[in-house]
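Structures given as structure tokens follow.
In the two assemblies presented below, subunit A is common to both, partnered first by subunit B and then by subunit C.
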Partner chain A sequence: MDIKALRTKLSGTITSAFQTYAKKEEKPASSSSAFWIMVQKEFGDHIRSWRFAILMGIILLACIGSVYSAVTALRSGSAAEQAEEGFRFLQVFTLSDGTLPSFISFVTFLGPLMGIALGFDAINTERSKGTLSRLVSQPIYRDDILKAKFVSTLLVIAVAILALGLLVMGLSLIVIGYPPTAEEVWRVLLFLLTAIVYVGFWLNLSILFSVRFRQATTSALAGISLWIFFSVFYSMILNLIAKGAAPSSTAGTEEVMDYQRLMMMLNRLSPSELFNEANMTLLMPSVRSLGPLTMEQVVGALPSPLPLGQSLLLVWPQLTGMIAATMICFGLSYLLFMRQEIRSRS
Partner chain B sequence: MAPHIENAELAVELSGLSKAYGDHLAVNKLDLTIPKGEIFGLLGPNGAGKTTTILMMLGLTEPTSGVVRVLGLDPARNALEIKRRVGYMPDDLGFYEDRSGLDNLIYTARLNGLSGEAARESAKRLLERVGLSAAGGKKVGAYSRGMRQRLGLADVLIKRPEMIILDEPTLGIDPKGVSELLELITRLSKEEGITVLLSSHHLQQVQQICDRVGLFVSGRLVACGGLEELSKSLEEQHAVIVEVEVDGWTEELRRELEALEGVASIRHVAEHPNGRQTAAEVACSSDLTAKIAGAVVAKGAGLLGIRRRSYSLDDVYRRYFEGGDTYGH
Partner chain C sequence: MRKACRQAGILALIFAILWTGGSWLKPEAVHAAGPLELYTPYTAVDAAPGESVNYTIDVINNGEGIVAANIGFENAKTPWTYELTAGGRAVKQLAVRPDGTQSLSLRLDVPLEIDKGEYSFAVTAGDARLPLRVFIAEKGTFTSKLEMEQANIQGHSDSNFTFSATLTNQTAEEQTYALAAAPDTGWEVRFNSGGSGVTSVTVEPNASQTLSIEVLPPDQVAAGSYKIPIMASNTNTKAEAELEAVITGSYGIGLTTADERLNATVKAGGTKSLQLTVTNTGTAKLEDISMNAQTPTDWEVTFEPKTIRSLEPGKTASVQAVIRSAEDSLPGDYALNLQAQSAQKSADAAIRVAVKSSSLWGYIGLLIIVGVAAGVYWLFRKYGRR
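So, the complex of A and B:
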């Protein structure tokens, strides 16, 4: 009898446990899963879009071109003076024979285009197509929409950049037949990571514009003009300032150093300059400092390449700067988006 | 935190609700209650504040002042819970054009917490329900306006809502499509006990299916109630109108009719091209249908038709909206 009672009791407990389990199953999914569903959908949209195919086409061409140009440069032996230090493999990314720019200058130039092209219509097209008002009436947090847009596009960018970088590595491995060392592989991977952060900044900037401007064309134009400003006009403006602020030829060391620091500060306001400094340090281990060095500092230094850890330390501020700029853009778009009233197609 | 339920029988409860955009008062001290299971029509011209009111109910915009309760919940605090239980179809609804109708539905279903397989199942079922199962695999870009609207309805229903809010659901579809859509809405509401709030500036449509209507003019609810209620309030103040169609209308007959006791005025409505048949509206203080008919026949004219006009929402509407600013201010 006892056993029977126990059995009934036990089965009752199990049933109720199952019921609670079943109830949990029925419970509407948490908002985090809604977030990942949105990311999934956005990711799919990007991959299927013509825009992405065209972008990849351009960048792929640029990659092949830069590898070709680097390989001809390597063959002609223009890298002889650097080659003795090793890291010959990394030169595939930095070297150019003069006909086509190197891989890093391609990434510096085309990366922003990729970020802008994938983000400029993130919010405003949803708005003008009337899908945004439908989306915000679903049980999801509004900021998840913005986050999903950012995360999915960044994922697409990360996949694309990693694929391209590894493609270039593989291609050059075949062409020059010279295997990379472990450190070189790490340096390339870190460089690709910086590139992702850099493109991520431009992506966030264009998402900010897409929240701010109702017209997709306006936001694309705003993004592109900022990109052109930084890649063409900013250095010209800096030159003007440099001429005006240059110390006289009789100025002391302190004055010259101050001037140098000021110019560098201004230069580093540009995200592309930050990216340049970062990838130079990562891909050219012989770069020892990004600022001016006095004679005292150089005396006694061995002219050897920096170990990876030291190079990383050197670019840490640049990386932090880029991430901070990304955060600021994201924060601004968040602020704007959360306060906006969403009516259909207006 | 347990949501505070004020009155479980009410689907919507608005009191003293106002919304200002700068100086412009879009919604002005609105009081409205909608019991559960009702089909309520929010009727008003464009820019009357209908959409703004709906947005406030869903917590998509904040009221300047006043209290909103939807299903007993405060949209400012429990917006997510409300959106889980209330389906909203915006007036100019859009879908992801390069995805199929089925995909669009599945996406909404999954955002509402359905798992992949369950989402597909219920999306298919709903497509069938709104008569789109054949077009489910087509891209939404190829859908006609009426199909979109029906897809919109499926999209709203996929979360199994307790209440649906339809903003101008009949906008831009042909009459046949309208009646089909409205029939669908009515059937759904009755079968599943869903509260329906629909806004429109098309009164004939609202008239067909709504249990109650609210007339909305420049941010104010000027009248609210069932159709009979509204008509009655109109009749009390207005004269009875008798529409008469006569073959062989003469000035003499007109004078005769005007001479009848209680006739206030006669309005010529339309004249047949042959110059004989005429339709007229006779306004009188009481029901004179029989007397008018007698007078016409006694004059030897052919009585083609006579009827006492019953007030449709049309008249109510015209009175409030076309009557100008004298009402409701």
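So, the complex of A and C:
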């Protein structure tokens, strides 16, 4: 953070804060205004940074490509084969004609990159530049620094993702030519919120790394390797486990079910899998279950879309997992940050 | 003078002979022998009803000039049909050369319906008359019979009435009968012979054919007895009969929910009670209506009462159905079929049940989030503001 700019902005607040301090011998009561000023500053820094522009460029290109792909698929009529009758609009996000991945797979893949890229140097760069100690020496709370970092970056991410989502909606409106229903809009908005939570998790993870590792490169590498691990290697490792743990062909139903449940549980350790399941359910209303199905459950079931509330209830565990993981990461980085010694040029 | 007298006398005699002879000779030639005679070898023959008797008649002219005579046929009692032909044509008048003979053909058709006995006819040609006799050895009948095995059948409005009829051809010829019925509007009558639907049948002489006649009453038929005339006919003969179908009443049952809504919402593993209405829509009493349900696996539907003893026409009975969904049913829609069944009729009500998953896990998830948030807040309190 540019400390000079901050200082000029803060000057008004600080003088008033000092007055209050002198009067009541307390820390400044207007810390919330100081916090929001920091948030604004961070936000502005992000928006103006080259890093953000490059990231947005990549993601924007990917999104336009996926919309093109979805629209081609819709036009070629493969949509008719799917049971998503009446939810044609949502298919813009999920459908692909095979040449380019769909919108949701782009978000699943590139979202973490965005989170990591925006958060990996949150603390350690300040530290290595020596601005952190100077910032702390200002009459602001130390935890506000971390919170402001997190909130501002999350805001940037939220703005970016909402903008992208609405852009895709708008583009598909132009191309498809008929409007979405209220439920479809809600489903898309909820999907975008889920995406924000998902990217927020990766952001928090990278902030945690930036607190833990002194070198920005180390924390970036840690974040990226975890991202690559989950998006590439994790499924390979799962395949290996699956081969080893697979029940014999003569195994009973219970064994097969247990095996399936185990594999699903292992799979759900990956945040991208959680995000995927949440997407599927929100954007494909006909998804009624995420686990293995027994024949007994399917007897008499009508292939109809779920109401939004039920879809939400179905993915609630996934959402809970993501939100909790995000908060735990933040809590850890908070703990680490608060207990760290901050010296100038440390 | 004597010679002259003799000459005159001879002349007068000749005149007299010519005069008188001309006057008494002419009527004798017409009345007595005449120049024409008719001849056929078989003047009395036996014949069966429906047969044709053919005669070849010679017309002989014994006179010295050509004689033309009108040909006639005397038919005493019965309207037998005949045909007189010569040279391939029907003739009215015949001319015969002196000392010549002309052939004439007579075809006489014996009617089918005729009594036993002797029948006389005569062929005339001018004054000549040739009596002919035909002996009918057996009595001929020209009738067809349509007999019902059981002409009166009782049944419900939705049952099929199947009558069995025998069509007998008692004529001497093969007959093809067109079958027709004249039912009231809405009734349907089908004729079957040998397993397939027919509209006409052919019966050999003196043989019979069994017909099965299916009668379908209209849907909304009132109780009562209905007469249906049926007929087998062709241009020669016809046979008629009358069927009677006695309708005792119709069976009808209806099943719906009390508020006519065919959807319900149930929590997974929860119960939902539906008020059902069973209606007797027919005109006959229904007995022992049992309630049952086709459910998804592990679902349960209990009815209270399970059976309805009897239900008068037009009356309704209410049944309480409690649907219990399976613990592991998926959220979303399931199809559930409820049925009210009596021995005669059954009615279905297909109910769409939307399963809502339990929100218990939703609250647990919320609790986890709140717990984590509390942990973070505790961190804020412990480490913040210093």
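The definition used in the following text is that the second predicted complex is superposed on the first by the 315 of 346 C-alpha atoms of A that agree within 3 Å, B and C clash if a C-alpha of one lies under 4 Å from a C-alpha of the other, contacts with A are read in each partner's own complex, and residues count from 1 in each chain.
As a convention for this text, a residue touches a chain if its C-beta (ideal position, glycine included) is under 8 Å from a C-beta of that chain, and two chains touch if they have at least 3 such contacts.
Just so it is clear, the structure is predicted and the values come from calculations on it, not from any experiment.
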Practice task
Look at where subunit B and subunit C land on subunit A after superposing the complexes, then choose clash or fit.
Solution key: fit
Practice task
Have a look at where A:327 lands relative to subunit B and subunit C in the superposition and call it first, second, both or neither.
Solution key: second
Exercise for the section: With the two complexes superposed on chain A, say which partner A:53 touches: subunit B (first), subunit C (second), both, or neither. Expected result: neither
Exercise for the section: Quick one: classify A:288 as touching subunit B (first), subunit C (second), both or neither. Expected result: second
Practice task
Could you tell me if A:304 is touching subunit B, subunit C, both of them or neither one (first, second, both, neither)?
Solution key: second
Practice task
Quick one: classify A:141 as touching subunit B (first), subunit C (second), both or neither.
Solution key: both
Practice task
Report for A:245: first if it touches subunit B alone, second if subunit C alone, otherwise both or neither.
Solution key: neither
Problem - First, second, both or neither for A:37, with subunit B first and subunit C second - result: first
Problem - Of subunit C and subunit B, partner touching more subunit A residues - result: C
Problem - First, second, both or neither for A:131, with subunit B first and subunit C second - result: first
Fill in the blank from the handout: With chain A overlaid, the minimum CA to CA distance between subunit B and subunit C in angstrom is 6
Problem - Set intersection of subunit A contacts, subunit C complex versus subunit B complex - result: 27, 141
Exercise for the section: Going by the contact rule at the top, pick out the subunit B residues touching subunit A in the complex. Expected result: 51, 55, 58, 60-61, 80-81, 83-84, 87-98, 107-108, 110-115, 155, 159, 167
Practice task
Please give the residue numbers of subunit C that touch subunit A in the complex, ascending.
Solution key: 294-299, 326, 328-336, 352, 354, 356-357, 359, 361-362, 365-366, 368-369, 372-373, 375-376, 379-380, 383-386
Handout entry: Residue ranges of subunit A touching subunit B (in the complex, touch as defined)
Key = 27-29, 31, 33-34, 37-38, 41, 45, 48, 129-131, 133-141, 341-345
Practice task
Would you mind writing out the residues of subunit A in touch with subunit C in their complex?
Solution key: 27, 141-143, 288-289, 293-302, 304-307, 309-310, 313-314, 316-317, 319-320, 323-324, 327-328, 330-331, 334-335, 338-339
